[in-house]
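Shared chain: chain A. Partners: chain B in the first complex, chain C in the second.
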Partner chain A sequence: MNAQAKTRNLSWIVPTLYILFLLLPIYWLVNMSFKTNTEITATFTLIPQAPTLRNYQVIFTDPAWYSGYINSIIYVVLNTVISVTAALPAAYAFSRYRFLGDKHLFFWLLTNRMAPPAVFALPFFQLYSAFGLIDTHIAVAIAHCLFNVPLAVWILEGFMSGVPKEIDETAYIDGYSFPKFFVKIFMPLIASGIGVAAFFCFMFSWVELLIARTLTTTDAKPIAATMTRTVSASGMDWGVLAAAGVLTIIPGALVIWFVRNYIAKGFALGRV
Partner chain B sequence: MNKTWNNKAWFMVLPVLVLVAFSAAIPLMTVVNYSVQDTFGNNQFFWAGTAWFEDVLESDRFWEALGRNLMFSGIILAIEIPLGILIALNMPKKGIGVPVCLVLMALPLLIPWNVVGTIWQVFGRVDIGLLGRGLAALGINYNYVNNVFDAWATLIVMDVWHWTSLVVLLCYAGLVSIPEAYYQAAKIDGASRWAVFRYIQLPKMKRVLLIAFLLRFMDSFMIYTEPFVVTGGGPGNSTTFLSIDLVKMAIGQFDLGPAAAMSIIYFLIILLLSWIFYTVMTSGDETA
Partner chain C sequence: MLELKDITKAVGGATHIHPTSLVLERGSLNVLLGPTLSGKTTLMRLMAGLDKPTTGSVWFDGKDVTGLRVQDRSVAMVYQQFINYPALTVYENIASPMRVKGADTAAIDRAVKKAAELLKLTPYLDRTPLNLSGGQQQRTALARAIVKNASLVLLDEPLANLDYKLREELREELPKIFSESGAIFVYATTEPSEALLLGGNTATLSEGRITQFGRTIDVYRRPSDLLTARTFADPPLNTIALEKRGDGFAIGGKPVLPVPGHLKHMADGPMTIAFHPHHLAPAGRDDSAALTVRTAISEIAGSESFVHVEFEGNRWVMLTPGILDIEPDSEITVHVDTRHLMAFDAAGRAIGTAG
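Coming up: the complex of A and B.
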């Protein structure tokens, strides 16, 4: 008993150390974002000696910077809406029916989630050029469907399979039409699943850069790609780079908070 | 669950099919097209057969990049999976600690991949980084820009930083699904800590661990952005992975034929892995 009590008291050490390890590089980035460039390059300080908001000011006043955020958010939201909307009926079909080629289709969808974006970068560029879609938000939103639609189908199918089929049958007996049943009864039942699927679409579209960068030049350029141009005549603008990095972390941190109770189940693709 | 046979379900899948056809099938056909043709420019193509495939398969460049990929995946799996299990086992089970741990741990997963690269770049730099300065103060000669070992170490630590949380979250989800009664029974039987882990926790985590293992393997196998930002594939070619090499070839040098052939070989490897993944997952669905 004594030994067990002791291990229980000590068990907080492991996660704490791990979280410290996670936060250390982030702390350094935040630290840098409040420094001037001279302080960053000339001295080595653990907290900013002369805290400045200049770096953030640059980002919020220069359209080249803040439009990057707006672009990213536009295509991420577009992609999330498209992916989840298209995936809902498909996931229902996979969870409730057997049909010709269903297993092959499911597998084929899955392979797209596994496909390396590098393979698709060049053909995407040519395809979207042919349609005149280069440098539009919708192009990136559709391109990201490559990995987000299969993911959304998969997560939603996991959550839908947890809803007993009797509910569908009862609703039909009560005289509900399929669309009405789906929207009014079924969707509220899997609301958490829809939330998790949307979260994952948001996440993977937000963190992806290779395809987003290939398909955009100026008008729809994502913030992550803007960050690669901080080299100016006077050398690297480290402060602004750090501030931009910090600002890309914030949206993610916000959405995590909303799905914290479901995030683990989502990573297990609704199958725990 | 009993599923009814209904081919009308195809109509429900149709929107997904159209979307994925546009974003995957058509682009993939373009790649296939390029892989068997050669060009003298001016959009004039002629049949090249399997020449490009032979070129790629005979080149050292491809096999070296593939080897680096496999080595990288092997190392990060060997670190991340045991570490993830260890952390998940020690996570708090209830109280305010749970959401705090979950949110803080999930944080790296939500950072855009090139920002992850940037964070580690500035963290590791010898002139301005905390890690670089710290190691220098300890008398360790560390420089990821021109030392192969340091470059690899940085990439591996970065990947552990970035993705171990995925393993932790999955294992945690598996652990909390174990009923309290199991632990009580083990206690009555006087089971040791190791026995509880070996016979109760590990079997319950088997499925989530498989998911974690395969997801991590496949994602690390197609890693691109982070090493591109941190090392740019160098020093020399020492961190040039398949994706980096492919993008260099296709977009940098515009060698469409070899790049397309390499894409297809790369894709086939991934396809094989996906098939293993799918088989494992669905056989689990049936027994569970």
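Coming up: the complex of A and C.
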């Protein structure tokens, strides 16, 4: 009894330490983003001695900075929409119909997800050049489909297979046509799945750097590329980089809020 | 009138339905009776048009509807699982078939309210199905089937997942509710007692074949073959291979039972004699057909007792009212009600059943 009580009293230590370690780099990033460059390089301070918003001001006023965010958001949203739209019918087919080689095809899709992006950088660059798509948002959005469509298909298939086939049939018996059934009856049932799939597409596209950088030069340059190339004539602008980092985390943190209840099911590809 | 003309259904290499023909009249109640995997659901899906028969055709009111989309048919179906649209309220669930047809709001409201009243769902119309009990969920599905006002109503073991009391209640209500509409009513069940309670017509199914179709009571009392008799018996039918010799049935030359009046016309020879468990009783008033059997186990189910006995290597069940506490592995004398004996030949065809 006593021993148990003791364990309970100490049980907060490990998670607290863990979270502390996890949050330390993020805290340091936020911390840096409010400091001046002199403070960052010259002294070690746990909280900014002379808090400043200059770093954020630079980002929001300099087109070289904020266009990076706009570009990223454009191709990420494009990609999310394309991926989910393409994955919905595909996942439905995999979940409801048996056809020749369906299981192999389904598995092959997942292996696409495992392929290292570096492998595709060269063929993509060559191919997109040939079609004159280099440095466009749609180029990056389509390229990211390579990873995101399979992922979305897998997640959605898991959620769809959790819906009994009899619901489809009941809807047909009630008189629904397939498109009407799909939009009015079926999609609300897998709304959380669509949300999770969209979230995963969003996140992967948002953090992917290699392909996005290869396919863009100036007009569609993503924020991650801007961040990693910012060594100006006057040296590293630490403070602005830190502020850019903070702003890059925010969209992910925002969308994760909406799918927080389903995220574990998403990581299990909808199969819980 | 629904007609199935020589339909078969094969999936992969396996035959699920052997050539089957069936005519169901308008306004009739039809029971599909058979154990699990006997093809009840497959047959219903073929009737509904959810599946296409491999060969043969389905006719409705003189029109060939084989291959007609299920959306274009006048069908309602209720599954054993409680199938509703979880994202919609009970009200919208019931209204769904009318909404699709584009009926006006007032008509929908009237029909939904009426169906909800009938199935005691009025207090739950604003809830979503998953917040209801199983019985209420299934009643929602039934209400949707009523509102559809279809000419063919298919109920696939609709009460199997409900508790006993609710099942009794709904079983009584269902035929009444649907008989008003003049629809063809098809009800699948695994329970012979349910078929008898529903009445109407019964088709007994066994391994993808309809073994017999006719008035429920006729199929029960005068099965055309042993398979039908077995399908229509719960607890299992008692059988024994005997030889008819004039006025008596014998086993190994030893007479065991007298030949009852209704079986006297049969020719002498070997045959299978069958009777229902409730036609076996502890010996008493009449010992014209008494047998000495060895008891195995006895189960007491409230007001009835099931006594498993063995006679000449045949395992029988005796279903008798009251609580009968019998020592296992003892010898008792039982009485066979010979008026209800059924006789089948070597091929399983009925050669003599109750009059």
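Basically, the second predicted complex is superposed on the first by the 264 of 272 C-alpha atoms of A that agree within 3 Å, B and C clash if a C-alpha of one lies under 4 Å from a C-alpha of the other, contacts with A are read in each partner's own complex, and residues count from 1 in each chain.
The criterion applied here is as follows: contacts are C-beta pairs under 8 Å (C-beta built on N, C-alpha and C of every residue); 3 or more make two chains touch, one makes a residue touch a chain.
Because the structure is predicted, anything quoted here is derived from the model rather than measured.
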Practice item. Figure out whether A:L241 sits in contact with chain B (first) or chain C (second), or with both, or with neither. Key: first
Check your understanding: Should A:Y176 be classified as contacting the first partner (chain B), the second (chain C), both, or neither?
Key -> second
Exercise for review: Answer with first, second, both or neither: which of chain B and chain C does A:I70 touch in the superposed model?
Suggested key: neither
Review point. Once the shared chain is lined up, is A:L122 touching chain B (first), chain C (second), both, or neither of them?
Key: first
Check your understanding: Who touches more of chain A, chain B or chain C?
Key -> B
Check your understanding: After lining up the shared chain so the two structures overlap, which partner does A:V30 touch, if you call chain B first and chain C second: first, second, both or neither?
Key -> neither
Review point. Is A:I138 touching the first partner chain B, the second partner chain C, both, or neither of them?
Key: neither
Exercise for review: Spell out the residues on chain A that touch chain B in their complex, using ranges where they run on.
Suggested key: 4, 7, 11-15, 18-19, 21-26, 28-29, 32, 40-41, 44, 82, 85-87, 89-90, 92-100, 102-103, 105-107, 109-112, 114-127, 142-143, 145-146, 149-150, 153, 161, 165, 203, 206-210, 214, 223-225, 227-228, 238, 241-242, 245, 248-249, 251-253, 255-257, 260-261, 263-265, 267-269, 271-272
Check your understanding: What residues of chain C sit close enough to touch chain A in their complex?
Key -> 48, 50, 69-71, 75-77, 79, 81, 83-88, 96-97, 100-101, 141, 144, 148
Review point. Which of the residues in chain B come into contact with chain A in the complex?
Key: 1-10, 12-13, 15-17, 19-20, 22-24, 26-28, 30-31, 86-87, 89-92, 97, 99, 101-115, 118-120, 122-123, 127-131, 133, 161, 164-166, 168-170, 172-174, 176-177, 193, 207-208, 211, 218, 221-222, 224-225, 242-244, 246-247, 250-251, 256, 259-260, 263, 266-267, 270-271, 273-275, 277-278, 281-282, 285
Revision key, fill the gap. Within their complex, chain A touches chain C through residues 164, 166-167, 169-177, 180, 185, 188-189, 191
